[in-house]
Amino acid sequence: MAKHEYAFYPGCSSQKGASASNYLTSVESMCKTLDVKLTEIPDWNCCGASIGYAEAGELPRHVLNARNFALSEQHLPGQEIVATCAACWLGARETRERLTHSDTLMADTREALKEAGLTINEMPNVRHMVEVLIEDLGFEEMAKHVVRPLEGVKIAGYVGCQTNRPFGVAGESFENPVYLDKMVEMVGAESIPEYEQKVTCCGGALAFSEPEKAQAQIKDIVESAYDHGADMIVTPCPLCQANVEIYQGQINKRYGTKFDIPVMYYSQLMVVAYGGSAKDAALNGQVIKARRLEEIAAKPVKR
Amino acid sequence: MADIKVAAYICKGCGLGERLDTDALVKTAQKDGKVPLAKSHEFLCNADGVAMIKNDIANEGVTHIMIGACSRRAKTEAFHFPEHAVARANLREGVVWIRPDTEEARETTQEMAEDYIRMGCAEVKAMTAPAGNLNTGGSKTLLVVGGGVTGMTTAIEASKTGYPVVLVEKSGALGGWAGKLYKRTPVHEPYKSPADTGVADLVSQVQADSNIKVYLNATIAKTDGAPGRFVVDVATESGATHTEDIGAIVQATGFTLYDMNKLPELGGGKSPNVVDQAGLEALAAAAAEGDGVIRRPSDGQPVKSVVFVQCAGQRDTTGQHLSYCSGFCCNASIKQAMYFKDTNPAVDTTIIYTDLRTPGNGEDFYRSAQEKGVIFTKGKVAEVLPTGNTSTVKFNDLILGDTDAAMVDVDLVVLATGQVANSGINIDALAATAEEEGAVEVKPISILNLTYRQGKDVPQLKQGFTDSHFICFPYETRRTGIYTAGPVRRPMDIAQAREDATGAALKAIQALENAELGRAAHPRSGDLSFPKVRLEGCTQCKRCTVECPFGAIDEDEKRFPVFNESRCRRCGTCMGACPVRVISFENYSVNTVGAQIKAVDIPDEFSEKPRILILACENDAYPALDMAGMNRIEYSAYVRTIPVRCLGSVNTIWITDALNAGYDGVMLMGCKSGDEYQCHFVKGSELGRTRLSKIDDTLKTLNLESERVRDLEVAITDIERLPEMINKYAAELVAVGPSPFKGF
Amino acid sequence: MTEHVATNETILVVGGGISGMTAALEAAETGKNVVLVEKNPALGGRTSQLYRYFPKLCHPTCGLEINLRRLKGNPRVRLLTLAEVTGIEGSTGNYTATIKVRPRYVNENCTACGECERAVEMKVDDPFNYNLSQHKAAYLPNAMAYPQRYVLDPAIIGTADADRAKAACKYGAIDLDMQEETIQVKAGAVVWATGWQPYDAAKIQPYGYGRFKNVITSVEFERLADLQGPTGGKILRPSDGREAKNIAFIQCAGSRDENHLRHCSRICCMASLKQTHYVREKYPEDGKSTIYYIDIRAIDRFEDFYQKVQADPSVSFIKSKVAKITEDAQGNPVCHGVDTEGYKRYTTPHDLVVLAVGMEPSVKGINIPGHIVADSSGFIEADPANGAVFGAGCASNALDVNRAVQSATAAALRAIQVVNKVAKAEA
Amino acid sequence: MSANTAVAEKYRNNFLKEIEEQVEMGDWVKMCMQCGVCSGSCPTNFQSAWEHPPQELFMMIRAGKREEVLTSSSMWNCTSCYNCIVRCPRKLPITHIMHGIAEYAHRLGMAPKMQPTRFFSGLFWKNCTHTGRVNELKLSMGLYFKDGFVQGIKNGMAMQSVALGLVKAKRLNVMELFGGHKCKDQKGVHAMLKKAYEIERSRKTAKMAG
């Protein structure tokens, strides 16, 4: 039996063939190494994300998340729910807070859930994978498994918004969280603590609806990473990853820049450092190839 | 006067021994200082040194002590001989620490030290240890003028401390302004809702207290005397006057709301539906009597919408209204808005403000009002237009940048007008007319009816308030033993007024206790010396009676000055003012300073050793010079410094004597005067300067250059600046050349 | 000053700042015996670290000089420095305070001649300058220090420097064997005047205090302006020592903020208005001040002061709580935000940013008797449950100097009422 | 009488009350003290300026400027970055209030018709609730074709490089057009949401009536 077990809420973007499928792959390899067992919540549904607000209203949004809680409770009793996607985690956690603080909302939710033949008896803890790594395992434990330090790679830790605000990771500040830098150091790479765009918003859903606004922000995020001499950017959020990575070409067109910097998930760095292959780390999932990592991943493991 | 025995003690510690020829100093004391007993000691301030002095007092009958060591500001515990006359020659901060330790400097440094020894001996001989003022009264009763929250609090607190109180209230009931309130702003957590005023409780406490004698419908017909022995006539409605012996007085006469009729543009006086804060309190109180619904005065309909106009006739820069902020109005309007919201949340309440001022926990009260749905709009109200039973409020919405925003169909408009102090006659009438702050009502009726030569009431500071000008000493008034408290001295709310009242009670108690012991009040608290006058020499010129910053001196029918010692603050301004020099203190007189000036040895004009006399205010200039010494900042060896109690105590004779004696220049160092004066005797430095402005004539008659006298405005922080100024002046004087009076 | 035995007719005053000194002196001058306890080596408290007072722009040391003279001449006040009250037992009219006295390593023989200071080499941070500078490990706390007696920093003990200091003192004033001692003092009433501490600016993350060198606090700015301060009265940037002429003042740095201090600290607006005078004083030609504010709280007669500053062309006011501060390549702090009067956005670089930090009561977290009633901000409330322990000055509320002194005077009377009762009972 | 005029009638000149009752977290609007930290913290604020930043919207609500507020595009600029929430000295949940006002304007049909984010927001919700899970391809397509077929092709071409990159990286699956990810119990999801809407609507109408 595994050291740590959780009910897993991958979220839409992490599904096969979806925009963050590489995230999922790398998380799975990472968890194998760390002996963390994730059991997918059967038939989970979308969290509604923050952008659903125009139609969602309040109750429907919470009911969506509540359904996942109910399923988790039913099939994986007693397990905390872990999400890898910032939006999923935030959406679910918001629902958790609201339901715990409003009996009416709770009652209404239960009534709606009935329609799907479900119910909630107790509120599950909803946690982000990063929380699990830092709080349940700890940096020391994570470091133990590093067999292929990412020596000489300079990585800007881009935390973004929704893993950081309004809840954030315990003990971190909203304006200058440092856990990604610590993780970068942990895998033997060089961090950039003074990277001042680490919590700048990538534009979120506006990347779709109003690209020019989002891309203006993405430009700052990438530019500053270059200014600090970063080889790549690392992030804990699928939307951040996608936005910062895939629009670099368009930004180059718009602003005449020459951006071409890989944007990775912390899990990918860890898998490579843990001795995993490029495939385990889903490096093939990068739109902008992470050559430095591919080279390292090709190297034999020091044992 | 009992025969005196002077002893001089010279310390060798702190480098004095190495830098100076202390044996020579001992000789100087004996030869020039003519003291029978002169000794030096390795370390005068230690137990052994002090024991030596005490032994001489006990066994040698030493009465007068001259200590040649460090500054009078240092080692005060060691050199503490309250029963004896003590002079300190400042050889450390004043000589060795401000001179270079070089061979060529040695001679001038030694001369400097020797002069200070001569000066110290001369000074101490001219002194006697103060015996204390015998002309005191022992009344322990407090007079409290005003029966509002402030007055009642003062009375209750004084009584609790064990002092009887006479409380005089001009109206027929206790309570004052707060008595008219429906409720007050909260003073305890959670600061959420209006609280009971507590006035009823105060009233019953006062009435139940046998130690407090209350006069209602009464005023003060006459206040005569001084702390410890005031005699006060209380005039009552019946026409009868009652005479009370009083020790000290607290004036708590409160305020009047600024008249809203002066604000027609804001609808003041234009409609019954435009009221001031007092008006709303009345409506709220009336409502509370009935069904709790606050009604529109014009037709008795329930108020559905109310607008509060903040800073009405306040913070005015046009000179027409009050220039100041009354501080309490923001919280008051918040409270009044709650009167509506707490009974019916549906009433629209809007507070239009420019800066919302709710300091401290008032911020919680502000938040609470927002929670209750009170709307806060940052804007400037231009006009209130009453029509029929409603009004239109036109304002500039500062957030939305809407210059002609308006609220229509407003049932009730409340103008938050400010507090105007009930401070009696403004005796500095000149100041009042020159008051650029503008339209402050000058109440024509006196409150205290003091028999003082300088006027019937306590001097006002600004805008009609009697507040102290001092930041560190808020209770200081210019009338010893008379303190003001509450809104009469600064706009304030009930909580502050009660705190203020309690503090004022202490000051009053302190004043009467010290008066009985013949001790001075702040800032020379504990000083037993007091002015003595040789009336036979007096020319009745009245300068002392006019100039005394504290109105301590009256005049008898023959126009001779009558000194009320217990009113005196010992600044010496009278002494400085007296042209015939008949006023003196036992330990500070024309003579104690004059003798020092004469004691200095003046080299002849060929020696190229000029002499500069510095008369330095002991509160600021002298400490600054001390600290220059502590920082080892060098300055000229030609200066001889004498600390004075205040620039106001400087008698021009000292200057002319010095110049006649052949000093090349005189420097006067006093505190800042004028509006932002820093003189702790209020007018002292200013009066001193006025006197000096006339010195030029004297210089002309002596046909001396005007450079020979230099007046310097000094702050205690001028630690680097003073040495610079001194050296600059010394250089200037060299240019001017030696005084022609040398060697005469 | 002579020693006297403390009885339950004695008033214990805790804190030797302007409030504590006032309470002690007012009580003593009314004939009461007082024990005054100060945790620092010298009296004066925070006000003695200010360059000027508002609204008169006079110097705090001027009033301090008067108070010190009152003290020197008054045998009724017994002063304990380097002393902290660690607990109070008993009840109204009969308290026993436990006081921890740290060693000064210098006895009353000290003449403040300064030989020990010249002899030692070790330097330590100077708290009087908020650690913006260092002083020798044998030091006089400041030029006005009372008692006028040197102090050895504990760090020096056991080093060669300590022996040098001892050797340099001709008067046997240095005693390296002094130990911390705990004493007990009886008192009938207690005035708690421990004052305030500046809110920890590092907690206000968006402003980057601690991350950006040129973002400082208002109390630090006072030291920069002070002629006796670390820069000799020149306003220089911490980062590069360049003259700071374009200065931003950010109001409500910690105050009126539910993420930090819920209350309004009252003094900060006036303090910043005052500090714009420093900028003009030091740079009359090209000094420039910008005040970012929510509401300017220049209450009662202070309004005149505000109006004068408003009339000054070198000072501009922006109604806005600055959203965040960043740092540009030249090390200039850049303020980002929105002027809410008519929605104007700004991104403005300054030479220096001064955070008008809020007042936190020093009582917070300090071990005073459990039954003391304080409000949620930590200020001591006037409550009968507090018996004869009376809050004074900024331990009781966010107050300016003037109001603090009023509060201290009132507290003194409350204490006197208690000891008078005791005296009556015993007579 | 349209929903809009109905509520307008009910609340007459008290727009704040309307917002408090009809908008998620609307009862916080009155707590704003106009410090402006939210406006200064908003990432989109510093580009092409908002029409009205949050704190100004709150003031407009208090000033009863119903039409301007509900037809404004401002709320739709929110990127849900939560900067305003964590910095607000009065702890207003500003992000949610912005979403709430937007949702209300949308509900009343007053929000700007072709505001792209409004459109996308609706699209996203339909998309994810249709099968219970997001279909990223359909989502993007839907957005491109919001301004009609021709514009859709144009948008599509513009995004071609991006799309191709994703396809190559196996992060965009063309087959998603036909089927794609879904929940098994779609019926349950739909029924549940239907119910949720019913309850929410009834509560809001109750407030309006009451």
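Order as written gives the chain letters A, B, C and D; numbering starts at 1 within each chain.
Here is the rule we go by: a residue touches a chain if its C-beta (ideal position, glycine included) is under 8 Å from a C-beta of that chain, and two chains touch if they have at least 3 such contacts.
For clarity, every value in this text was computed on a predicted model and none was experimentally measured.
Taking the mean Cα position of each chain as its centre, B sits at the greatest distance from chain D.
C-beta contact counts were set side by side for A-D and B-D; A-D has more.
Put simply, the C-alpha centre of chain A and that of chain D have 23 angstrom between them.
With centres taken as mean Cα positions, chain D sits 64 Å from chain B.
Chain C has its Cα centroid 47 Å from the Cα centroid of chain A.
Between chain C and chain D, the centres computed from C-alpha atoms are 51 Å apart. Multi-chain contact residues of chain C (touching two or more other chains) are listed as 206, 256, 319, 324, 340, 343. Counting partners per residue, chain B has 356, 378, 399-400 as the residues that reach two or more other chains. Counting only residues that touch two or more partner chains, chain A has 174.
Under the contact rule defined at the top, the touching pairs of chains are A-C, A-D, B-C, B-D, C-D. On the side of chain C, the complex with chain D involves touching residues 206, 252, 256-260, 294, 319-324, 336-340, 343, 345, 347.
The touching residues of chain D, counted against chain C in their complex, run 33-37, 39-41, 45-46, 49, 52-53, 55-56, 83, 86-87, 89-91. Listed in rising order, the residues of chain D touching chain B in the complex are 14, 16, 30-31, 33-34, 55-56, 59-60, 62-63, 65, 90.
Taken in their complex, chain C has these residues touching chain B: 1-2, 18, 25-26, 29-31, 53, 56-67, 69-70, 72-74, 108-109, 111-114, 140, 143-144, 148, 170-171, 226-228, 256, 262-266, 295-304, 307, 319, 340-343, 375-377, 379, 381-383, 397-398, 401-403, 405-407, 409-410, 412-414, 416-417, 420, 424.
The touching residues of chain A, when paired with chain D in their complex, are 12-13, 15-22, 43-46, 48-60, 63-64, 67, 108-109, 111-118, 161-162, 165-166, 174, 200-201, 203-206, 208-210, 213-214, 216-217, 242, 246-247, 249-250, 284-287.
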